[in-house]
Structures are given as structure tokens and as C-alpha cells.
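In the two complexes that follow, subunit A is the common piece, with subunit B as its partner first and subunit C second.
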Partner chain A sequence: MAEDQRRTISRRDLLKGVGAAGAAAILPGKVDEGSAQPASPGAGTDPGRARSFAEVPRPRRLENLTADEADTLEAIMARLIPADDLGPGAVEAGALNYLDRALGGFLAGEREEYGLNLAALDRYCLSSRGAPFVELSTTDQDSVLIDLEGGSATGSGAGFTGSSASFFAMVKGHTWQGMFGDPYYGGNAGFIGWDLLRYPGVRLGVSAADQQRLEAGELLPERRSAYDSEMFEKATAMQRAQGGVEHGD
Partner chain B sequence: MATRLPGTDVVVVGLGAAGGVAVLPLVDAGIEVIGLEAGTWLTRRDFAPDEIRNNVRDWPMAVQKANLEVPTTRATPDSPSFRGSSHPMMNAVGGTTLHYWAQAWRLNPWDFKVVSETTRRYGSSRLPAGTTVEDWPFDYDELEPYYDRIEYEIGVSGQAGNVAGNVDERGNRFEGLRAREYPMPPLRWTGFHERMADAARDLGWHPFPGPALINSQAYGDRAGCVYHGFCNSGGCHVDAKAGPHTTTIPRALETGRLTVITRAHVIGIDADRSGRATGVRYVVGSEEFIQPAQVVLLASYTYENVRLLRLASSHVYPNGFANNGGQVGRHYFSHHQGAPVSALFPFDISAWYGLPAQGVAVDDFADDNFDHSSLDFIGGGNLWAMSDRRPISAANGSTFGRAPSWGSEWKRYIHENADRSHGSYIQKTTLPYETNYLDLDPVERDPLGFPVLRVTAQYKQNELAIADFMQDRMEEWYRATGATEVSRGGLGNAMGLSTHAFGGTRMGDDPSANVVDRWGFAHEAPNLGILGASVMGTSGAHNPTLTVQALTWRTAEHLVKNWSSIAGG
Partner chain C sequence: MKSRSVPILVAAMLVGANIVHAQEYHPIIVESPGMQTGQTMPRDYTPDGRNISPPLEWRNLPEDTRQIAVVCEDHGAGNPPPWVHWVVYNIPGTATGLPENLPIYANAPMPAEIAGAVQGENGWGRSIYRGPAPPLGQLHNYNFFVYALDAELDLPPGLTQQELMERIEGHVIGRGAIVPFYRRGPMDTASAP
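Then we have the complex of A and B:
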């Protein structure tokens, strides 16, 4: 793929979201450009690459979350989809950036729920494990997340707005969106999520020959956002449910 | 104060799958038509392959008039009702055909004659208790020319199985006799589809590619499918998916006799003292209009067709328009598409670039294609193995008990298996029952203050028995194809809201049991036509859209041929 085709919306968003130094280090071009590797096995299996992601300093520019909230959420995301010997995880993919931006847009209605439940989470961690979530060992963090997921933290008096399982499902759902969604929305940096799934990327058309290449494990991944194509209207992507879309007619 | 507009020949309420088709035969016959559509025009530029917007955030359905009037649902008259936040259909010129799956099935001949055929073959005692099912007022052969017309007018791809009585084993050997082939060959198969088909043949079944309202090659001025994988809940960026917005409506506009009014929310149907329809009322923004017409064609979705009739009460229709017989809202049912079966394979199935209309069908257990003598149900299901996968949904898939749902272990699992799972789609015969119906909710209202619809409906024993039987067949099929894990969902209970909602304004000769006559015009108001699956009395085991469109063309043609008697009054 030519370099100019890589100058994409997702790259610009990445720069905005994680800072120029971080973005330069984690953009796919620096890792596997021209490596022409097949879709299977995925790029994420390279442990060297995983380290390089983990080492990236990631100055944040938060739009909606507080720094404390962001720290806790990132710690949760780091356990949900960890960076490990298989490759980078949700933190490196910028799932937090996705969520932070969405909380000022489509997910604005859930902003308050995040604040209240993150506070409840820390109260729960303090009373049951003796420290806020970010200070717990990963083993304790995992056990807390299991409590949340199973709903057993609900009646703890910590003040979850509903079932702790609902809060867990909300965070997990948004983490998955930030990890595996189109990079246009600020997550899936460097196509980390799609590589993990061995998804060969968004294409505007797939010929019978492409399909055969896919089935033979020889289809090269496309690395672009849907909105890199000029033909698609970007405004419609950012509409909020309550706002109503105004289409030209 | 409502503005009274100049009259027109025909006003069509809703320009979706039905209304958007009806306009063409009318304007071609010289009839002036005004089409009222609650949504707007969308274009290819709106159809980005974007899973977050299309699938996670349910765009464009999330920003729709339909979402302001979401019906409440409950299983039985004794159970509490619930109201969700999203409507299964969308508003736009072209309606839900913009993003639907576009499977283009004809009904099986048996579906038109469920009562008489069941009685003839097994005895009348085999009709399920409490069902209100009737034979249609005509048989498959009556509708065949209209199926054919739609297949060629709009464009359907597929493999015929029975052209003029010559069975072709490449197609559906159980289909009703058709006059000619499809206008286009079927959508292509992947290697996985070939495997599934081979396994089905090994089981002694008869697999074939399903028909689609999607071009498999260029058809007229529209391109062939490009298989990009975002068809499900997404619009088509090359217009390969066929809807009225790319076919019949533009052709009708060219005549100059169709006027399309968008953002028009119809709120009422007016009647004169004899009960004839005189026109409709609608609002655009905060302005209200009265559109007089000689003929009204009601072509919104099943739920809104019924709601608009029930809301339009007057001294001549105290219980709703054309409802003096008490039939508006009765004989409701929605396709049992639930009770899913899913499987995990030990190999990639390469489903990333597919579409729900691309796949392998088995009809050996649909309708009355098999002997029910020793079974405890009538009807059956269509087994459908398609290609449909996007990254977020793939990552959210079941781990079949082989891994937790997050953490490093999950990561290893999903890296290997994201493209190795498959979910079946099994549509099952669903019947109308005495205790399943639509009416107005006594509490919930839309923002204009009108009651929303209430759905009281539950799958009964016959549907659950079919579901159980079909899950066995699907598991057999998956195992024969090499699945290492198979899991099943529950058999179903409350019907909920559906994209396949039938009945409520059923078609039939007997005015005491049906709202519209055999041509689709109301028994009580002969210049009110009703279009859509709300007139269908049975569902068969296949998607309703093609049947809806065939019925629509037939109703419009009847109107053209009988214009003076219907419109004249």
C-alpha cells in the first residue's frame, strides 16, 4: 500500500488522541509496513511488537473523563484485553480514547453513570481489598472484575447505580467497541483489534479472487477506516440518537 | 389549523417495500399519486461500512419517527407489558429495504392452503388448538405472475428449482411451479457454503442457494454485489441491493405523476358518512395538512397500519377505521426466527466478506415438504447457513465454554476462533391464534399524544415443537460439516417486536373474520387499500418481502383495472 493512502482520518485522530510521539511509535507503518504477511497468523503474535507498544509513552488529552476516572478505566481495560505475549491489548489500542470521545457524543447519556459507578468501584475495592482499583495487584483486580461481572458487588453498599454486572457489561461493551471498531472513532489504534481477530480489514469490494485468497490465508490486510473513502458522509457517523439526522432531500 | 391541500387520485402512506412498489403501476396507468414518507431520501454517501454506526448504534433506525412510537409488548393478556427504545423498522424513501437482508423468497403453495391441506392429509384435528388460521382466498398460482413480475421488475438473483414442472436439483425442488428462471444467477458461494452443501447432500437433503433482492451481476443500471460484508443493517454503496428507492420510485418519478413528500407523519385517515376514505391528515414539523384523495393506500408497516386504523375513530367507525367488524389487530403473528443454533468449527470459515442473503438453504423440513403423520406439529422451518461477520460482533461471540469472556485466555481463544463460529437462521411456520393480537396501549403515548400500539403475542405449542425439531436438524447438519461444538438457544416465549410482523388487517373473503377483501381493499371502506404483511394470514417459513411486493403489485393492478368503481364512489 502506498504511503499516501495511509494518511488517513484514523491516523489524524490517533495523533490527536495519543500524542504525536506515541502515534509515530504505534502506527502500523513502523511495525509491519511492506511485510506482506498473510492474514493468518496475525501480526499480533510478534512479541517484539507487543513490547514496543507497551513501551510507548501515551500522553493523554481527555475530553470528558477526569484523569482519575481515566486511570481506573484504563486499568480495567488492561485486564479485560491485556497486553501479553500474544500482542498489545485494549490500552494500546486506545479504547479509552474511544470511550472518552464517545462520552461527549453518542454516549453522553452514560457519562454520569460512569462517574457514579467508578466511584462505587473504588469504594468497593477499598472496603473489600483495602485499596482503590488502580493500586491493586492484577490478581486482585481480576477478582474484583469477576465480582462485578457476576453481580456479587451489587449489594455491597458501595453505591453502584444498578447491578454491578450491568456496569461491567457497559465497560466491557465500550472497551470492545474501542478495540474492534473503526479507527475513525478514536480506538483500534494501529488496527490492533482487527489483527487480533485476523480480520483483514474494511474493503469496499471483495472479488471472488479475493475471497479465494482469504480462504487460502493469503489475503493481505487492508489498513484503513471506512471514512478514508471520500464517498462516505462523515457527518452521519457522529450523530447522536436523540438529535435526529438531517439528510438532504 | 390544518391546511387543506388540493386533492389527488391516490395517496400512499409510506414509501417502503410495499408503498414504494405500488406507485409504479399506478402512475404508469396515468393515475396521479402523492406518496407520504415519514423519513427522507438517503444516498450511497450515507452507507459507510461502519459497524459502530450501523450495528452497534443502530443507525439509521435510531433517529426515526418509528422510534417515537415503539409498541409495547407482552406475552399474554395477563402478563405485564414492556416498552423498549427502538423500533425494528426504519423510515426513509425505500423504508427498511435500505438495510434489510434482502432474502427474496416466494411462499410455498402449502402456505396458501394450510387449513384445507392439513385437513386433507392429516385430518382437521391436527390444526393447533386456538389457531384462527384460514386458507388464503386464492392459491399460489394466482400470485405466481406477480412474483415473476417483481423478480424481473426489481431484480432477484437465485437458482430456480421448478420451472414449469421441470425440477432442477440445483434449485429448490420444493418450490411452487414458476413460469421461468430468475433474471440473475444466485449470489456466489464461499468454500464454507460448499462444505455445508456437501454435508447436506450426504444427509440426503437438497441444499440450494437462496434467492436475493440483490444483484449477483449488473442488472439494468445497477451494479452487482461487491460482498464487502456490511450488508446486514447497512445500506448498499453500489445500489446492488434492490429497494423501491433505487428501482420503482425513480421510474415512477420520471412520469411526473408521482409527488414524494418526505418527513410526513401521517396521523389520521378521514372518512365520510358512508365510511369511504376521503384522505389523510399528516404533519411535517409543526404544520398539519389534510390531503384529500379518491383512494387511500395504507402502506406503512404492520404495526403502524393497525395503529393508524385504530386511531382513526369517528361516528361511522367508533372503534377505528374499517373496524366495525372488530378484526383490525386480530390474527397477528410474527415469524418465529429465534431458537437459534450455533456452532464452532476447527477451521476458518472465511465469513468476513459475506452477506446474510448469501448462503445455503435446505427446505426439506419446511412447510409440508415432509411427512408429519408421526409428528406433533404442522409446518416446519427453512434452514439457512449464511455468511455474515463483522469484527465487534465476532469478538462478542460465544466461547462455547472453552474460554472465559475476557483476559489473556480469551484473547488466545478469539485470535484462533473469531472466524470459526457460525450461527444459523431458521424461520419457522408461525400461526395466528385467538389470544395473540394488536391493540392500542392504554398508557403509553407517542410525543404527539397518540397511544402507541400494544402487542400481545406468544409462540404456542406448534411453534415450540417446530423449533425443537429444527434445532435437531440444524445440529445434525453442523455435526455433519465437522462442527466440534454446537449450542442451542431457548425455544421461545413472547413474540416481541419483529421485522416479520404479519396480520392485523388480514385478507379474506369473509368480512366477519378479515379486514380486506381478496384484492386488498377494506370490506368496510372499498376505496381504502392496505399493503404489507399485515394482510397476510400465514407466514410460511420464508421472508415475507417478495410476497408483500407481489401482493402490492396485484392490488395496484386491480385498482387500475377497476378505477372508476373503486375511486368513483
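Then we have the complex of A and C:
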């Protein structure tokens, strides 16, 4: 069996987790786990919106992370939400781009924690598996991530700032945000995350007919950022007028 | 009445939870090419190494053995103890051991010699082997128990140690163990940056 077919956290697990967080309540129909129905770009409910995975942008203009840190984080993200037969994953969604931007903005307080723990992660991988994380096989990468998640790496002496489980949870949470958050913040490129979830999109109003189409799985997804709507444009325009952001951070 | 019945109930629950451990069984001889009772576990079977499952070998099974189960427990951890590191069952009664490095993926096939075997849920909630990770400097013992069963139970995957013990109760006809220890020391900084 090819290693790429194996998963630390399967897409099935991921969808369950997201559902538990409440997002499932707005999905236009049940995700059929058994038959692994595609929810990928171009395979959704709007045939007019078909596009190739290759067309999904993968920006890599780092603003806060070093190249080595970005490589390690991207390798982690590739294992957390891998590209598979259901569609592209966190790397293709630009989750790293989201995190890199956010670490200069609303996640700035966690920038140092990332630096220290990514260095600790590579020390741990070198000591336990003989190579830095990015150079490990996917099986060993998954094994390391399981050790991080369970806290087993904490007592290794590698220098994690707290429990390795806390670091894992932080990276996982930010990967989820970069995958499924509003593209305004730099992730969810090409609405990959929303397509995976079959999220119908940001809507300011839902008519009875919309609700019926949603329940029948026939509602065409709204694929635009919340900040493309007039309501949020006003807020962002005010921010820009005050010397605010060039992008969502 | 109340003051006497509560301790009796608690005692009964404790006995029930450890019923498989409390009885005398046909002794199974358990060995490992990589481990010995009373010796430290190799790093490869811990998160300080590759954290792969160790190889086990057993002999002197009861004649009527139809199936085998394996559990690794740390009685110095867990709330309440034990902390469970590994649960494997539905192992064919003809098997003479477990090969090293069982799969960490649910959809990966088991080695041919133990075809049909499945892994149960460990203390971390995952159906795989995870090795010792005691607090720095503390020595913990790791009990690799091997149970011989008199029936082919066809148990579902993902059972916890407690659920397994409940399911095999009344079917255990032999038991053996190997008990290595592990103590974490300073990290191997020679290979670290």
C-alpha cells in the first residue's frame, strides 16, 4: 500500500471534527462518508464553476516565517489535511499563507511560540528518527505527529515550550482556520475548504426556496468572501482609510 | 448498612475489573528478540526512537488455544492505573508471536502470519502501539501480557483494554508476560542541531 494512501487524520475524521464544531449545521446535505462523495473544486453543485486543482494559487511570499519554518509547517499541514481523492488539501488551500500573515497580525503573540517549538520539533525528529521533520517518510511524519498530539514528545528534552500536545493543537487549529476560514485572511484559496465541506457560502439572507434547495442539496454555492459584500466592505474601507491592512490579518 | 455496602460494592467492582489478572492460568513463556524482563526497553520501541511496536514470541501455549490477545500496560501510570500502551487481539491461535512494527494505519493489512488480528484502543485513544513516555527520570515497568483463549471470538476492532478483558472473560486458559522497563534520560543531543 502506498504511504500516501495512509493518513494520520483521515478526511473522514476531519469532517467529523468540523461537524462537531458546528459547521455541519450549515452544510447543504450530509457528507456521505461511506461512498466518499467528492466535494472538490469543480465537482460541487455548480457545474459552471469547474476548475482544475492546478489553477489553485499557492502563494509563498513569506512575511513572518523563515523559509525553514515554513517548510516544516507546510509538511505538517500536508499530513493534517492531505490532498486525496476528495480534493486538494491544506497545502493547496494556502493554509501556510494564512498562518504566515496572521503571525504578523492577530496571531503575533504566538510567533515566538512557533519559532521555539518548530526548532524543538526538529531536535526531537533528529534525536528520535534521525532526520528533520521534512526529510522523514510520511509514515514517520505521522508517527511524530501522533507523539506530539499525545504529549509523548514533551519529556524528550527537545525543548518544547509546554506540552507537545499544546503545540500540536495550536498548529492543527491554525491549519483548520487556513483551510476553512474566509479567503480574505489568506487561506482557503479558490474556496477549496468550503468546497470540501459543501459550505453554501456567506449569505446575508436565505429565502424559503433557498432553504428547500439547500436541504435537497441543490443550492448553488456562493463563492465570495464575506468582505466582498457591501456590509463588510464598509468596515474594511474604514480600516484602509485609517492606514489599515493591505490584506486580511 | 450503607457504610458497609459501599466498600463491598467498590471491592466487587475492583475484582471485576481485574478478574483476568486475579486468577491462575497455564503459564505461557513470552520472549522478545529485542526486550527482556527486568531490562531497559530499546529506544526504537519508545517515542525517544521510532516508536514502533516490539516483536514478541511465545511458546508453551495450552493445547486448546484457539486465539491469542496481547496487552501492554503500565501499572505506574493512568488514573486509575493501568495506562494502556497496546491492545492486539483476534490473533490466530497458531501464531507464535507478533512481528516488529505493526501498522499505524487502520486500513493497512496485518502481516500474513497474524492475518485477522486487530488492534484495540490505547490510553491515547488510538488503535496502535505507542511506547513508554514516563516523566523524565522516572522508571516505569511495561507489562506485555499474552492471553491464550479457548475460542475464536471475532471481536470488533478498537476495543479498549477494559472492553477486551470483559469480552474474553471466561475464555482465558493461559497467560504469560514479559516486563521490561524504561526511564527517559537527557535527549541524544549528538544528533540534534
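We take it that the second predicted complex is superposed on the first by the 174 of 249 C-alpha atoms of A that agree within 3 Å, B and C clash if a C-alpha of one lies under 4 Å from a C-alpha of the other, contacts with A are read in each partner's own complex, and residues count from 1 in each chain.
Note that in this section a residue touches a chain if its C-beta (ideal position, glycine included) is under 8 Å from a C-beta of that chain, and two chains touch if they have at least 3 such contacts.
Since we're looking at a predicted model, the values are computed, not measured.
After overlaying the two complexes on the shared chain, residue contacts for A:Val206 are found with subunit B alone; subunit C is out of touch.
When the two complexes are overlaid on their common chain A, residue A:Gly157 makes contact with subunit C while staying clear of subunit B. When the two complexes are overlaid on their common chain A, residue A:Gly130 makes contact with subunit C while staying clear of subunit B.
Of the two partner chains, subunit C is the only one that A:Asp122 touches; subunit B does not reach it. In the superposition on chain A, the chain among subunit B and subunit C reaching more residues of subunit A is B. When the two structures are aligned on the shared chain, A:Asp142 is found in touch with subunit B and with subunit C. Residues 142 of subunit A touch subunit B in one complex and subunit C in the other.
By the touch rule above, subunit C contacts subunit A in their complex via residues 43, 47-52, 104-105, 107-109, 124, 126, 128, 130-131, 133-136, 184, 186-189, 191-193. Remark: subunit B residues 40-42, 44-53, 56-57, 59-60, 62-63, 93, 188, 190-191, 226-229, 237-238, 262-263, 348, 350, 352-353, 391-392, 394-396, 405-408, 410-412, 414-415, 418-419 touch subunit A in the complex.
Contacts from subunit A toward subunit B in the complex involve residues 40, 42, 44-45, 79-82, 84, 86, 89, 106, 142, 145, 172, 176-177, 179-182, 184-185, 193-194, 196-200, 202-206, 208, 210-211, 214-215, 217, 226-227, 229, 231-233, 236-237, 239, 241, 243-245, 247-249. Those residues of subunit A whose C-beta lies close enough to touch subunit C in the complex are 1, 5-7, 119, 122-124, 126-130, 139-140, 142-143, 146-147, 149-158.
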